[in-house]
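Naming follows writing order (A, B and C), and every chain is counted from residue 1.
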Amino acid sequence: MTSISMENVSKYFDSGETIANYQLDLEAEDGEFLVFLGPSGCGKTTALRLIAGLEQPSEGAIYFDGERVDGRSPSDRNVAMVFQNYALYPHMTVAQNIGYPLKVRGVPPDERDRRVETVTELLHIEDQTHKKPAALSGGQRQRVALARAIIREPSVFLLDEPLSNLDAKLRQEMRIELKRLQNELDITTIYVTHNQEEAMSMADKVAVMNQGTIQQVAPPQELYDRPRTAWVAQFIGSPPMNLFRGTRRNGSVDLGEAGTVELEGVMNAKAAVETGGRDDAGTASMLASDVHGTVALGVRPEDLTVSTTRPSSGNAIEGTVGTIEPMGEYDLVNVSVNDQIVNAKVSEATVARDDTVYLTFDDEDAYLYADDGELVV
Amino acid sequence: MTEDDPLEPTGVDAGPDETTEADRYLQVEEVPETAPTDDRTWRTRLAESVPSSRRTLKYAVAITVAVLWIVPFIGLFMASFRPLSEIIGGWWHLEGMSITFENYYQAWNYSTAPLSRALLNTFIVTIPAVLVVMLLGVMAAYPFARFEFPLKTTLFFLILLVMAAPPELVAMGNYNSLQRIGLFDTYMGLILIHIGWGLGWVVLFLRNYLLGIPEELEEAARIDGASRYQIFRTIILPLSTPALVSVAVIQFTWVWNAFFFPLVFMRSPELYLAPQVLPLMRGRVQVEWGMIAAGSIMTMAVPVILFLLLERYYKRGMVAAVAD
Amino acid sequence: MSLQDRIDALDTDRDLSVDFDFDREKAVALAVFLIPGLTLFGIFSVGPIVYSAIGSFFAWDTFTMEHFVGLDNWIRSLTDPLIVHWSNMQEFRYPMGALTHNLLWVVVHVPASTFLGLGLALLFADLKGRRILRSMVFAGFTVPPIVIGLVLMFIYDPQAGVFNELLRVLGQDHLVRNWTQSPQVAIYALIAGGIWVHTGFSMLLYSSALSAIDPSLIESAKVDGAGPWRRFWDVIWPLVKPVTAVVVIMGIIWVMRMFDIVYAAGGAAGGPNHAYSVLGIEVYRAAFRPEIDYGMAMVVALIQLFIVAPLALYIARMR
């Protein structure tokens, strides 16, 4: 129904003293479920409010279906929004709350009642319509807020951390419900959260934000497989990706006492994976012996293998076992490498505290980040 | 402007195909500390900082209203520094204005009851009346907030009744009892009247505040072996400081500004309080505007300055006293 | 009796004995905390009110209670033209009696200051520097009311008064007069002054109610498509409505206690020929100015209480 695009959108507060958003560039296609993901204070909510029209951009332009909408009021954009605290009008009943957007638009009462009935059935709250919001549980309030948002069939659906006030079980339930609704209604949806699990499970596309900028926009799987920067790598995945700091020297990464990692295999593996991604010249320049500098080698905990003997071939990183956390489904082994704690997820830990162990990984599971955090390989 | 330029990959080993990727995204370090304004002229910046016309109008109306609201006080202030002839001609005429402290001198040494003495009297009455009310008020409020005891509801009802009563209602009884115990026309008599009158609202106000202090704190102190009195002194009193400041400001303003009680209970001119002296200054033939203005400014300065200094406590207390 | 019951019984026994000690200790603590405050409160507030209530049924020789006279004082006071002046009321001519004047204050002053207070609270709500703006409007409420009365006299003075100057500037010279001393209009001039002072207080209460509204409710209404007018009527007004009851009742209490401003402008007589006297003034004159009539003073003060007490209890019940 509606595609959204943001071009170079910046938002400043306090007459320029604070930068909430800086040069955001983003496309959300028609019917897409786009998630803004980032830590608190990264500007994701401001970005959402810019799209809603509750804030106007300081610079840049916002388009709905190629039509410029910045400068317009929220009511002229046909957007619906669910607020973090639901923002239900405390003095109105559930039915009045849900019908309010229609009332404002002058929809006659009969039609209003009919449509309220439809959405309350869709969201399974038809029994609650005569209650005041204060009499509802958290999950029910959430559903009322959703009902109020979808009743007038908006062209864009905006959700600001809608699940953060619910307990874990309800959150899971509402996640499924939300995804179902979005599939059914096929409305372009922008969803803000700091919870990566929510983002990964629901999104068609995730925009990872940090300090007011977009770090990466990608479908969830790609975000996991190919985090563009060390920051994104550490933000996505639980526990976060391990980053081994080292120095590049002669086509390998020197990790000090923990050993060295040869880059050639890593390079070749990546080149093979990414068809047409990297040409030979690039690989060659990567391996050139005269390239120096500090780098970080990233390996996800689930891709590390822990063994007590040094493997005969391939790369291995030496460390000492600290604590072992049995998580039921897997064991988490904390290994101290050069005074840095790294995590390894293993199905069953066969090592003990203070053992000297060797961490190994497949070449294609390793990522190399330059000093500035950008992905090298 | 560097901010607007496409970003060249900064990593030494960035391959040629990295360019497209890095192009799409900004690095965190590239976000400036403050909005990049250098590329805009001061003219556009000024234009942007000026709010929309609707908002400008709102500001204009708001400021006009607020200024009009204090015009009478501006007039009073001007009049206090000008000779009577200029006041009668209109204090708003600024040409040929002469500034004089004569009014203040006259009010300070007013023959019937010098304001110097009256202001001192007001302090003598107000300060003990405020301090004692605070102490006795918080002591009485504590059981109301925490314990059950017989007659609690009745006492509560009596407090509400007294809060609703006009000060005139207690004047006759207090007049007779002060006469009987020999405290009529003394500082102590008026102080006691003010304490008895103020306790009602202070107890109610502090009780509401104390109800908001979590009981766990007291239970913890009790487990640590503190007695009720120690709990009161070391937990309740320090935690209720903000409310006590509110009580102090509001009660000070009330006692200082009070006119009816001193009018009834202070009869000797050397014991007159400042608000009592002001209406006497009107004179018989020509109203001495200058002297009245100077006296009013001196009298109102104390509560107004106190309000401006402790504005937050005053407003919060006022709202809590009536709305919570 | 099962073992468990025995243990329970033992426990209750122990609880009882503990409670007993506890009670003694608690009673002492209660006395220490309550008695000093309640004694003063009883002697100087509750006592005199009871004294007045009883005294209103007795005859008085100046300050001494004589004999029981039933409703004499009540009938005498309520038929006194100083309290309710029926014949003047029919002709709508002042003075109409202190009670009538007080009720007039309620009818004119309370709605006006409530409405203005809400208006100013809304006007200042989202402006920068609202704290200063609010303080400017509120400042008058912290000034001694006796000064307010004198300021009003000053404003309304025929020569030195800025209000009359304003009339002259507007070309309404025929209206220029000494407003506080003109019997038929003075009360309105004073009410205007009361509104001027009291609006700040109403505004303060409304401001705090407005700032307690979750901003996302207003934003939600914006997204739902409601314009400013609708946002006010559908969201803001219903949420500040409960405060209106408090504002109105506090306004009535303030007005019913009116004394200082009237005394400053009109002295103990309440204006020329009692033109704008109020109940408080009548109590003062009956009790402390010759001819002293303690009985009437008590009755009039009780009338003031009767009008206000149900309202105060209503606020208390709202909490």
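Criterion: a contact is a pair of C-beta atoms (placed from the backbone, for glycine too) under 8 Å apart; a residue touches a chain by one contact, two chains touch by 3 or more.
The model shown is predicted, which means the values in this text are computed figures rather than measured ones.
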> Can the chain contact pattern be summarised as a line, a ring, a star, a complete graph, or none of these (other)?
Replying inline: complete
> When you take the mean of every protein CA atom shown, which chain's own CA mean is nearest to it?
Replying inline: B
>> Could you work out how far the Cα centre of chain A sits from that of chain B, in whole Å?
In response: 49
>> Please tell me the distance, in whole Å, between the geometric centres of chain B and chain C computed from their C-alpha atoms.
In response: 19
> If you average the CA atoms of chain A and of chain C, how far apart do the two points sit, in angstrom?
Replying inline: 58
> Where on chain C does chain A make contact in their complex?
Replying inline: 214, 216-217, 219-227, 230, 234-235, 238-239
>> Looking at the complex, which residues from chain C come into contact with chain B?
In response: 25-26, 29-30, 32-34, 36-38, 40-41, 43-52, 55, 63, 120, 123-124, 127, 131-133, 135-140, 142-147, 149-155, 157, 159-160, 162, 165, 196, 200-201, 204-205, 208-209, 243, 246, 250, 253, 256-257, 259-260, 263-264, 267, 279-280, 283-284, 287-288, 294, 297-298, 300-302, 304-305, 308-309, 311-313, 315-316, 319
> Of all residues in chain B, which touch chain A in the complex?
Replying inline: 3, 9-18, 21-22, 24-35, 37, 49
> Can you list the residues on chain B that touch chain C in the complex?
Replying inline: 58-59, 61-63, 65-67, 69-73, 75-76, 79, 87-92, 136-137, 139-140, 142-143, 147, 149, 155, 158-177, 179, 192-193, 195-197, 199-200, 203, 228-229, 232, 253, 256-257, 259-260, 263-264, 275, 278-279, 282, 287, 289, 292-293, 296, 299-300, 303-304, 306-308, 311, 314-315, 318-319, 322-324
> What residues on chain A touch chain B, complex-wise?
Replying inline: 10, 12, 15-19, 22-23, 25, 58, 210-217, 228-229, 231, 277-279, 281-282, 285-286, 291, 293, 370-374, 376
